[in-house]
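The structure appears right after this line, and notes come after that.
Naming follows writing order (A, B, C and D), and every chain is counted from residue 1.
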Amino acid sequence: MVIVLKPGTEKAKQAQLVDWLKGMGVGVHISEGDFQTVLGLIGSVDGIDMELIESLSIVDSVKRVSETFKCCNRKFHPEDTVVSVGNVKVGGGHFCRIAGPCSVESEEQIVGIARAVKAAGADMLRGGAFKPRTSPYDFQGLKATGLELLKIAKQETGLPIVSEIMSAADLPLFEDVDVLQVGARNMQNFDLLKELGHVDKPILLKRGLANTLKELLMSAEYIMASGNENIILCERGIRTYSDYMRNTLDLAAVPMLHELSHLPVIVDPSHATGIARMVGPMAMAAAACGSDGLIIEVHNDPIHALCDGAQSIRPEEFAVISAKIDAVRSAAFGEVASGAESGAVPGKAGGSVVSIDAKGDRNRKVV
Amino acid sequence: MVIVLKPGTEKAKQAQLVDWLKGMGVGVHISEGDFQTVLGLIGSVDGIDMELIESLSIVDSVKRVSETFKCCNRKFHPEDTVVSVGNVKVGGGHFCRIAGPCSVESEEQIVGIARAVKAAGADMLRGGAFKPRTSPYDFQGLKATGLELLKIAKQETGLPIVSEIMSAADLPLFEDVDVLQVGARNMQNFDLLKELGHVDKPILLKRGLANTLKELLMSAEYIMASGNENIILCERGIRTYSDYMRNTLDLAAVPMLHELSHLPVIVDPSHATGIARMVGPMAMAAAACGSDGLIIEVHNDPIHALCDGAQSIRPEEFAVISAKIDAVRSAAFGEVASGAESGAVPGKAGGSVVSIDAKGDRNRKVV
Amino acid sequence: MVIVLKPGTEKAKQAQLVDWLKGMGVGVHISEGDFQTVLGLIGSVDGIDMELIESLSIVDSVKRVSETFKCCNRKFHPEDTVVSVGNVKVGGGHFCRIAGPCSVESEEQIVGIARAVKAAGADMLRGGAFKPRTSPYDFQGLKATGLELLKIAKQETGLPIVSEIMSAADLPLFEDVDVLQVGARNMQNFDLLKELGHVDKPILLKRGLANTLKELLMSAEYIMASGNENIILCERGIRTYSDYMRNTLDLAAVPMLHELSHLPVIVDPSHATGIARMVGPMAMAAAACGSDGLIIEVHNDPIHALCDGAQSIRPEEFAVISAKIDAVRSAAFGEVASGAESGAVPGKAGGSVVSIDAKGDRNRKVV
Amino acid sequence: MVIVLKPGTEKAKQAQLVDWLKGMGVGVHISEGDFQTVLGLIGSVDGIDMELIESLSIVDSVKRVSETFKCCNRKFHPEDTVVSVGNVKVGGGHFCRIAGPCSVESEEQIVGIARAVKAAGADMLRGGAFKPRTSPYDFQGLKATGLELLKIAKQETGLPIVSEIMSAADLPLFEDVDVLQVGARNMQNFDLLKELGHVDKPILLKRGLANTLKELLMSAEYIMASGNENIILCERGIRTYSDYMRNTLDLAAVPMLHELSHLPVIVDPSHATGIARMVGPMAMAAAACGSDGLIIEVHNDPIHALCDGAQSIRPEEFAVISAKIDAVRSAAFGEVASGAESGAVPGKAGGSVVSIDAKGDRNRKVV
C-alpha cells in the first residue's frame, strides 16, 4: 500500500501517522519528493483499514500496490475462464443461451417450455422456484415443489437447469440444480456469497440494482475466496431515471468486465428492459459487444398472448433471436463457438472474441 | 383490484382476459364508461399477479383497491407507533439519540466511547460486530467477541445496544443486543426479513442504496407480516452522482415516510455524508424536518485526530449537536419529548411533531 | 384530455373543478362509472395546465387523448424519416458514419484526419469549433477560425461537416456547416431549439445528461414545431453511478426511440464511454440493435499515441470498426444500406431494420 | 499543474510526454520518487488540456496546484459574500425569503399574492414570465407582459422581483427585474452565463437536474470570470429514482457549498419536492442546516384550494413557515439576522451561521 500525503503536511502530523502505522505492525518507507511525500508500507497490510487512512486530513490518496480483486482479476489469470455445466460451456469463446419462464408454475408449463426452448436452440433451462418479491403478499414461488418440477423438465429434455437461491439454508433443496443464481437484491448478501464459495456448482451472479462493476467483482471475489471459482457474471440493467423501460441495460459493462476479469459475462435483456419487444434488439447488441451468453425469459402461457409489453417472449421469437446470434458474433469477431459442446472450437479460449481493434486480440489492460 | 382497459380494446381480447380471470377464481364486474372499460375483481386476488396484468397490451393500468402496504400503513393505524427499548422510546414525539463507533475494536474502546456518548446525551449505543464489507479481504468485524464487548459496555453504562445482523443463523449470538439493525445491503434480503419477523426485539431497518420509499415500506411489511411490529425506519443516504460526499441524504423521505406510515423514522448523517464536518448540519436538518431520532458515529481513537474528513465525530462534537437538538425541535414543532423516559411527554403521540401547516396537526394524507 | 377522479370524491369538489374547467372555455362530459368518475374535456385544451390538474387532490390521473408529441411521433408518420445531407442519407435503412476529432486544432490536423476517416469509410466529418467546457478557464475552441478550417477540410475531401452550435447568435458563422449539433448540455435550451426550427439544415440533437426519452423527443418537437423536420437523434450516454466509464450508454434507447418516433437515431460511443478501447464493442452493439449511424471521435495526434484510455481512436481502428458494421447489420437485419447514396437500397425505408421478431417487420407500437 | 506518472512508466514514453509539454511552452520539473515520478509544470498551463493529459496511459493523475474555481472559492475569499438587492441582503448571516407564484397570470393575481407574501414575511417576490416547459405546446409564460405585471406588483409593495431569464436576447426586457434567475435546464448554457457576467444585477443560479456541486460552482465561475460577482446559488433537488416526490432535495449541498465557496446558498423546497405538504418540513430543514434563504411558491388561486398535492402553498401557510424560520436558525446557530435591512446584525458576516462544532466557527476547509 502506498500513501500519498498532501503537499505541505506538517512534519508532526506525518510522524504521528508513521508511528501509528508502525504500531499496526507494518514497515514504512518514506519517500520525500519535491511535490509530495509518499509512504510505502512494507509487510502485511491486511490489518490496515484503507478507507480510514484515506479519510485522514493529511492524506491525499491511498493506493493498493496489490490489486483489490485477486481471484477474478485478468491480470493474474490472463486466460478466459470457461465454466462447464454438463456438456455446456460458457466463456472462452463459448456462447450460452439460457431460456425459460420467470416462475415455475406447473409440470405441464415447465416441461412444455423446456421442450420449446430446447428446439429453439437453448443450452440451459431457467425457472424461478424461490422468487424475491418486493411485497410479502405477492407470489413467492413454488419453492421445493418448483425445484422438483424443474428436475422433471431436465430429465425430459436433458437441459441443465438454472434457478435462484435466496438463502444458504435452502441449499439441500438445490441438489439437482446445475447452476445457482444469486439475484440482484442479494448481490451484497455477503453471508450467502461466502456459503456459495463452499458449493461445488457454478454460480450465476447478477449485478445489483445500483452496484458498480467493482462491487460486482468484489462479490464474485467473496465466492472465489471461499473456494468456488466457477462464476458467471450477469449484467441485467441498473436503476436510473430512464422512462419507458424498467432499467437501463449497461452493455458497456460487458467489454469492461472482460478487460478487468477472466470470468464469463452474460446479459439478461428481459429483466433489463421489462419489455418483450426490446429483448431481440438487446440480445443482438449483447452478442455484438462480446457477451458470453444470454438469459432470456420465454413463456408459452395463453394470457401472455394478450400482451406485447411484458418481458417474456414466445418460443418462436426466441428461435429467431437464437438463430441470428451466431451470425452477429461471426460478423463482429470472426469464427465463433456455441455453448453446446458439439459446436465448440477447441483451444480458442476466447482470444479474439471481444476484440475489435486492429491487432486482432482482446485488449486485457486493466484500468 | 381494479383493471382499467385501454380505450378501443377489442371485445374478443377483453373477453379472453375476463375468462382467464374467472379461471383464476375471482369474480369480474365489468363497468363500461364512455371513455374506458373498468374491470372490478371480486373475491381474493392473492393469486393474481398484478405485474403480469399490468403488462398486458390491452391494459391501461391496474390499481389495488386495498393498499399495497397494510401493517405499516398510517391509513389503517393513524397513531404513531412508539418503539420501546428498555426505558427509551422512539417515535410519537420521543426523539432518540443513538451513538457509538463504526466497529467494536476493544473493551477499552467501546466502554470508553459508551461512557462518553452517554455523558453527551446518547440514549443508545451503536457498534458494529458483524461488518458488511465490499471486499472479502477487509476487516469483517470482531463478530461474537464484538457482541460480548458491547454487552460489557451496556452493563457499564446502562445504554441499550444496537448492532447489525447479517444472517438469521447468527440470531443466537444477538441475545443481549437490544435492537437488531438490518443494513442497507440487506434491505431486500427477504429471507432475513422474514426471520426477523419472528424475533421479539425492535428492528432498525435501513433504506437500501438505491431503494424507493415504497420498497423500504414493503421490506418493513415483510417483518411486520411475520409478527414483529417494532420497526424503526432509517434514512441513510442514497447513491447518486453527487460529488464531495459519499451519498445523497434524502431528508424529504422523513416527512413523506411519516405521512405514509406510523413507524418512527430516524436519520444516519454519518453514513449519508461520510464526512464528520457535515454530521452536525445534517443532524440539525433531520431534527427540524421531524425525524424521530439520529444514529451517529462517534469515535475516541487517536488516529482520527489526524482527520476531519472521516465520518466519525468526537464525543465533544456529539455533545454540542445533542444539546441543540431539543431547541431546534422546539422551534419547529413546539413542545417536544426526548427519547429517555424521564423526558417523555405522556399522551403526546407525536401529533404536532411534523406539522408545519396552519392547522397545527400532522397531515396524514397518503399519496 | 381525460381527467380520472379519485374514488369517493365529494360532489361539491367535483362540481368546483367542472365549473373551473368550463370557465377555461372547454366543454366537460361527465362519465360516472361504478368505480371512478371520468371527465372528458371537449374543445381546445391548450389553455389547461395538465400538471396543475394532475396535482389536485381529487384527481387520480390525467391523460391526453391526443399524443404529447406530434411531429416526431411514429403513430402519425409511420414511415422512417430519411435525413439527407448532400449525398449522404441517414435513417430508413441508411447507416451513417460520422468521424473526426473532438476539437478542430489546425488546418493540418483537420484536413489530415478528414482524409484518413474518409479513406476508412466515414460519410461525414465531425469537429468541434465552439466547445462547451465545464470550466471557463478551459479551451473554448477555435470558434470562427475552427469553422473556417472545417470548411477547408470539406473542400479537400467532399465530406459534409457536423459541428456544435451553442448559441443562436452564432448562426451566421455556421453557413457552411452541413449539420448543426445541439450538445447534451443544451438539449433543454428551448430558445436555441426554437431558433433552430427556423433553420434549413439538419439538426443532430444529443440526449441530455440525465434526460428521459420523452424529454428528448419533446426537445425534437420544439425544433419541428418551429418548422425544421430534419432531425437526427443521438444517444450519448447518461450520468449514473457506474464506475470505470464516464457515462452509461443506454442502447435500449435506440429500439425504443425507433418505436416512438420516425426520426433516425445514431449513437456516440466515444463520449458515452470516454475510453477508446470501448468504442469498438459499443459501435458493434449499436449497429446490432438498429442504430442508424455512429458518431465517433478519431484523432491522429502523436500525443494520443501515449494513450489507450482516452476516448479518441486512431483512423486505422476506425477503419476496422467501419468495415465490420455492414456485416453486423446484415447478420441482425438482413440486407442493409450504407449512408452513402451509392450503397442505398431504394424503397427499403428501414422496414426490416430493427425487427427481430418472427413477423419480420419493425414493431411500431407506441407504449 | 502536477502530473503523476504510473509506476514503471517506460523512460521513452516519459521523454515523449516531456517533449510534448515543452513544445506547448511550459517548463517541466521532473521529480523521481521511489514509487512514482512526478512532473511539475512551470509557467502558464492555460493551453494544456488537463483531461487529455489525464487520459494518457502512462499518467496516473493530474492535479492543478492552483484551484479549479477561483472567483467563487472560499479559500481565496474567506468572508461570506453578502448580495444586496435594494434593502435586502442575502448571505453573511442574512436570511432571505423569496415567495410568489410559479407563473405571472394577471395583474390581480400577482399584486394580490405580492401583498399577501409581503404581509407574511417575504423579502422578495418571485414570478415566472418566461417559462421553460418540456413541451412546446405547454404555456410558455406571459413574457414581456408578465414582466410588466411584476413591475406593477413591485411598485405596489416595494418588494424586489426575481424572474427567470432564458436567453441573453431578452435582457432589455429585464431592466426592472432585480434578480435574474438562471433555471436548472440552463445551468450549463455557457453562452447565457457569459452574457450575465456583464450584467449589473444579482444572478440566482439554480443547480441543474443532474449536476454536481463542482459543476454548479464552475457555472458560477463563468459568470464571475466575466465580471459579475453577485451570485446566489440555489439547491432545488436532483433527479434520482426516488418515488412519491419529484426530485431529491440534496440538503447536504448547503453546508458543503458553504465550505467550498463564499457565495450565499438558498433552497427551493417547492420544486425539489413538488408537493405543498413537504414544503414546510424542508424549509425548516434548510434553515437548520445553514441555508441563506428560501424560494417558495405561493398561490392564491381558488383552483388550488382543491389541491394539497401541488407544489404551491397558501399565503397563510407561508406565514407559519416564515415565522418559525428565525426560531429554528436561532436554535441551531445562536443570534441571527433576517434578510430585511432593519433586522440585520451588522458585522456578523455569517461567521457562526453554519457552525455546529465545538469551536463555534464555521469550518471553511476546502475538500
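Everything below uses one rule, namely that a residue touches a chain if its C-beta (ideal position, glycine included) is under 8 Å from a C-beta of that chain, and two chains touch if they have at least 3 such contacts.
This structure is a prediction, so every number in the text was calculated from the model and none was measured.
Listed here as common contacts of chain A and chain B: C, D.
Of all chains, the one whose mean C-alpha position sits at the greatest distance from that of chain D is A. Work out the mean CA point of chain C and of chain D, and you get 30 Å between them. Our note on geometry: chain B versus chain D, Cα centroid distance of 31 Å, whole angstroms.
Per-chain CA centroids place chain B at a distance of 41 Å from chain C. Shown for chain D are the residues that touch two or more other chains, namely 57, 210, 214, 239-241, 308-309, 365. Contact residues of chain A toward chain B in the complex are 13, 16-17, 20, 46-47, 49-50, 52, 55-58, 68-70, 132-139, 166-169, 185-186, 188-192, 194, 209-211, 214-215, 218, 221-222, 225-226, 239, 274, 302-303, 305-311. Interface residues of chain A, counted against chain C in their complex, comprise 210, 212-214, 238, 240-245, 248-256, 259-260, 272-273, 275, 277-278, 280-290, 308-309, 314, 316-317, 319-321, 324, 327-328, 330-332, 354-358, 363, 365, 367. Chain D meets chain A in the complex at residues 2, 29, 31-36, 38, 40, 57, 61, 239-241, 365.
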